[in-house]
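Below you will find the structure I want to go over with you.
Per-chain residue numbering starts at 1, and chain names A, B and C are given in the order in which the chains are listed.
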Amino acid sequence: MRRARGRWPDTMEMIRELRLKREFKKVFNIRLLRGFLSIVMFVVLWQLVVFIKVPYLENLPYPKDVAVGATEAAGSRTYWFGWGISLSRIFAGFIIAQIIGIPLGLAMGISKAFKDYTFPVFEMLRPVPPIAWIPLAILFWPTRELSIYFLVFIGAFFIIVINVIQGVSNISVSLKWAASSLGARPKDIFWKVLVPGSLPSIITGMTVGMGVTWNVLIAAEMIAGQGGLGRMTWEAYTNNNIPFIVVGMISIGVAGYLCSTLVRWLGEKAMPWKKRF
Amino acid sequence: MATGVQNNQGEILIKNVTKIYDPEGVHVVAMKDCSFDIAAGEFAVIVGPSGCGKTTLLNAIAGFDTITSGEVYLDGELISSRDKQIKPDVERMVVFQNGALFPWKTVMENVIYGPVVQKRMKKREAVDVARKMLHQVGLNGIEDKYPEELSSGVQRRVEILRALINKPKVVMLDEPFRGLDAVAKTVMHEFLMDIFCESPRTMFFITHDLDEAIFLGNKVIIMTTRPAQVKKIVHVNLPWPREHHMLASETYLDLKREVLEAVHEEAKKAFEAGEREMA
Amino acid sequence: MSNRNGEGILSKGDFGEVRLEGVTKVYAKADQSQRVLDECTFRVQRGKLTVLMGPSACGKTVLINLIAGYERPTSGRIFIDESPVTGPGHDRLVVFQETALFPWMTVYSNVVFGCQVRGVGRVETKDRAEHILKKVGLFEFRDKYPSQLSGGMQRRAELARAMINDPKIMILDEPFRGLDAMTRQLMQEFYVGLFEEIGRTNLFVTHEIDEAIFLADRVIVFTFQPGKVKAEIDIDLPRPREFHMLASPRFMEIREQVIELLYEEASKAFAAGSKAAYDLMGAIVARKGACEKCE
């Protein structure tokens, strides 16, 4: 942009210039470019590693093979059934964990007496990693399916309870005081202050729990499951179909990501006040 | 009293400075055609409603951010314009609001940091100078203490000394005494005045406290709301060194009234504009 | 001063008076006890704006909690219109330092909360809400969430939430703390204007001297730990208060008076060896020096 010598540029001209610079940046955004390049580099490196037979990594499949495997899978019904089975297990266990865990957490957060009775046992069981429950789960539940639901439940349960307890105690005491000054009775305080006030922690508990449940599910399916993405990936291993192992891994990653996004989206809908304008 | 400025350094000229932020297409004209000057060794206080004007100027002089158009000169040299932005340097030091003392260093180590790191002084020499400065302002016995052991008032003073040991041409202070209570502030004012009278250098002092502004400054520059410009410059013709009994004088009250009116008017405008933006 | 009747919705009269008698509060910790308040006796006058002023952490907030009924004194008694305080109630509403607006409710829902839980009729609630929202200038923002409002607007919403319930006593605990100085000044003017128009007993807590003098009919100065009433100063500045009074001789006079009192407290703190003492000692030396020069 030229300006006549000695003349200060007009405000509107300056704004136009700034806008042009920004539009240009959007198209030739150097950072997007860098991101894209890094992914390309990764694939190239992968190809190279397999091609020159780097020790320990020579059995990795070529990127092309994985792509072929993926297209085969996309066309196969068994593959999509696998998705359905895994997802149904996740939702079953997860939802039950919320239904039991949220009220329990609220009760423990509100009543000191209740917490005194329940917390010790809870804290004893919590450190046991969900995967460690697998043998017991298989032994005690009548069907494999139920044991898997149980394991997913364990994964999400402790997390949601601990987050809800935290959420209740995080509610600023001045909110409770304001409510009681304004004339709220205990039941008003519960429904209008404690529950909405712990919502952010509930959502956090759900988000973290969702991630953990996928972990647990895949392990459970690999060890003890019938059907499902984890089982599929394991069977690819036993059948020496290496490209399909990678396809399985990618599928699990995508499925987990979609579930987490769903929970996050639900969270945003449930807390309209958290949006910043 | 003031022995006159060393080498007449530290003259700042602000000429038609404009600053436009254009995030996501909503252009924000923070400052438009702002012009004023600060003489060498002058204590200039900037007051005004919250908005980006004061910070824009500070950033331009210090070298932290660019301006959209206009020119800023320091001692006749162009330091900031559309195409040029000088890098930050010790000759233009900044003291911020929130304590920026290195918590892992003692008071002495903090104060000598600048000259030692830039290799302008040997450590022993720096320690001597620092010790003298601390003694001069009555801060004895704290050189081996860590910042968190000291009250905020003492921390602020150490920070200012840390800036001053570098002998800058211009010292910029961004609401340095904000949050201190009335009693602590009095101590800060005494301290700053002692230093200023001892070795005058150009001060660029931002504050919201009008009593502080008039008490400390040679001139009070009152800014308008966005787009920021100079609304009024009030020259404080009280004698140096300033003393607390002056706060009761007619001259002081007249000055305060003048500044109050101007600031209040702009504050109301900013408030209303802010509300409209929220709607 | 004239009190305009707020169109029948906010009634005049029926203001409360708070009386404290020898109120003491001691917090017992493991092996030591901390005496936060010591034998406080004073009165918050009917229909007046009383300001409690004192250095930070001198127990002002604890006193508020006791008057509001959130905590009980270790000894001594508190009366509202001669009936003792036993717990929180909607005749004493508090506006806190940190905003206590329910973040998950809109401004409107927040404001009508008190009416709803007490079973006030729908039509009456709506009328009152509209009236009070217009009065604080937030009617266009009634469907916004607190997080979408600026600091000043949040404070006004809290004032509305309290005032809609016609409390006998309004208690404000450093409500403008954290606002930038300009907004704070404007909020003070807004608030004092509201008080002058509607009346009712107000108890305001702050540690800012200028704020205290600008707002108050009477300033009660508190001491450093343990909190005790040090002095009560009647502010004879005319009402309605306007910002240019900050530059009046009488204002500066009262200000000096209060600062003197604070310096006395400061030297006590120095004797107690507090961290802030370093500053205070310097301050006292400086003041003595200044005063010698003007004699």
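In this text, contacts are C-beta pairs under 8 Å (C-beta built on N, C-alpha and C of every residue); 3 or more make two chains touch, one makes a residue touch a chain.
It should be emphasised that the depicted structure is a prediction, and the values quoted were computed from it without experimental measurement.
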From chain C, the most remote chain by mean C-alpha position: A
By count of C-beta pairs in contact, the leading pair of chains: B-C
Chain A-chain B separation of Cα centroids, rounded to whole Å: 48
Approximate Å spacing (C-alpha centroids) for the pair chain B, chain C: 33
For chain A, residues that touch 2 or more chains besides their own: none
Shared interface positions of chain C, touching two or more other chains: 148
Partner chain C, residues of chain A touching it in the complex: 172, 174-175, 177-185, 188, 192-193, 196-197, 199, 271-277
Residue numbers on chain C that touch chain A, as the complex places them: 68-70, 88-90, 92-94, 96, 98, 100, 102-105, 113-114, 117-118, 145-148, 161, 165
Contact set on chain A toward chain B in their complex: 8-9, 11, 14-15, 18-19, 22
Chain C-facing residues of chain B, complex: 49-50, 138, 149-151, 153-154, 181-184, 186-187, 190-191, 208-210, 243-245, 247-248, 253-254, 256-257, 260-261, 263-264, 267-268, 270-271, 274-275, 278-279
Complex interface listing, chain C residues touching chain B: 55-56, 137, 140-141, 144, 148-150, 152-153, 180-183, 185-186, 207, 209, 243-244, 246-249, 252-253, 256, 259, 262-263, 266, 275-280, 282-283, 286-287, 290-291, 293-294
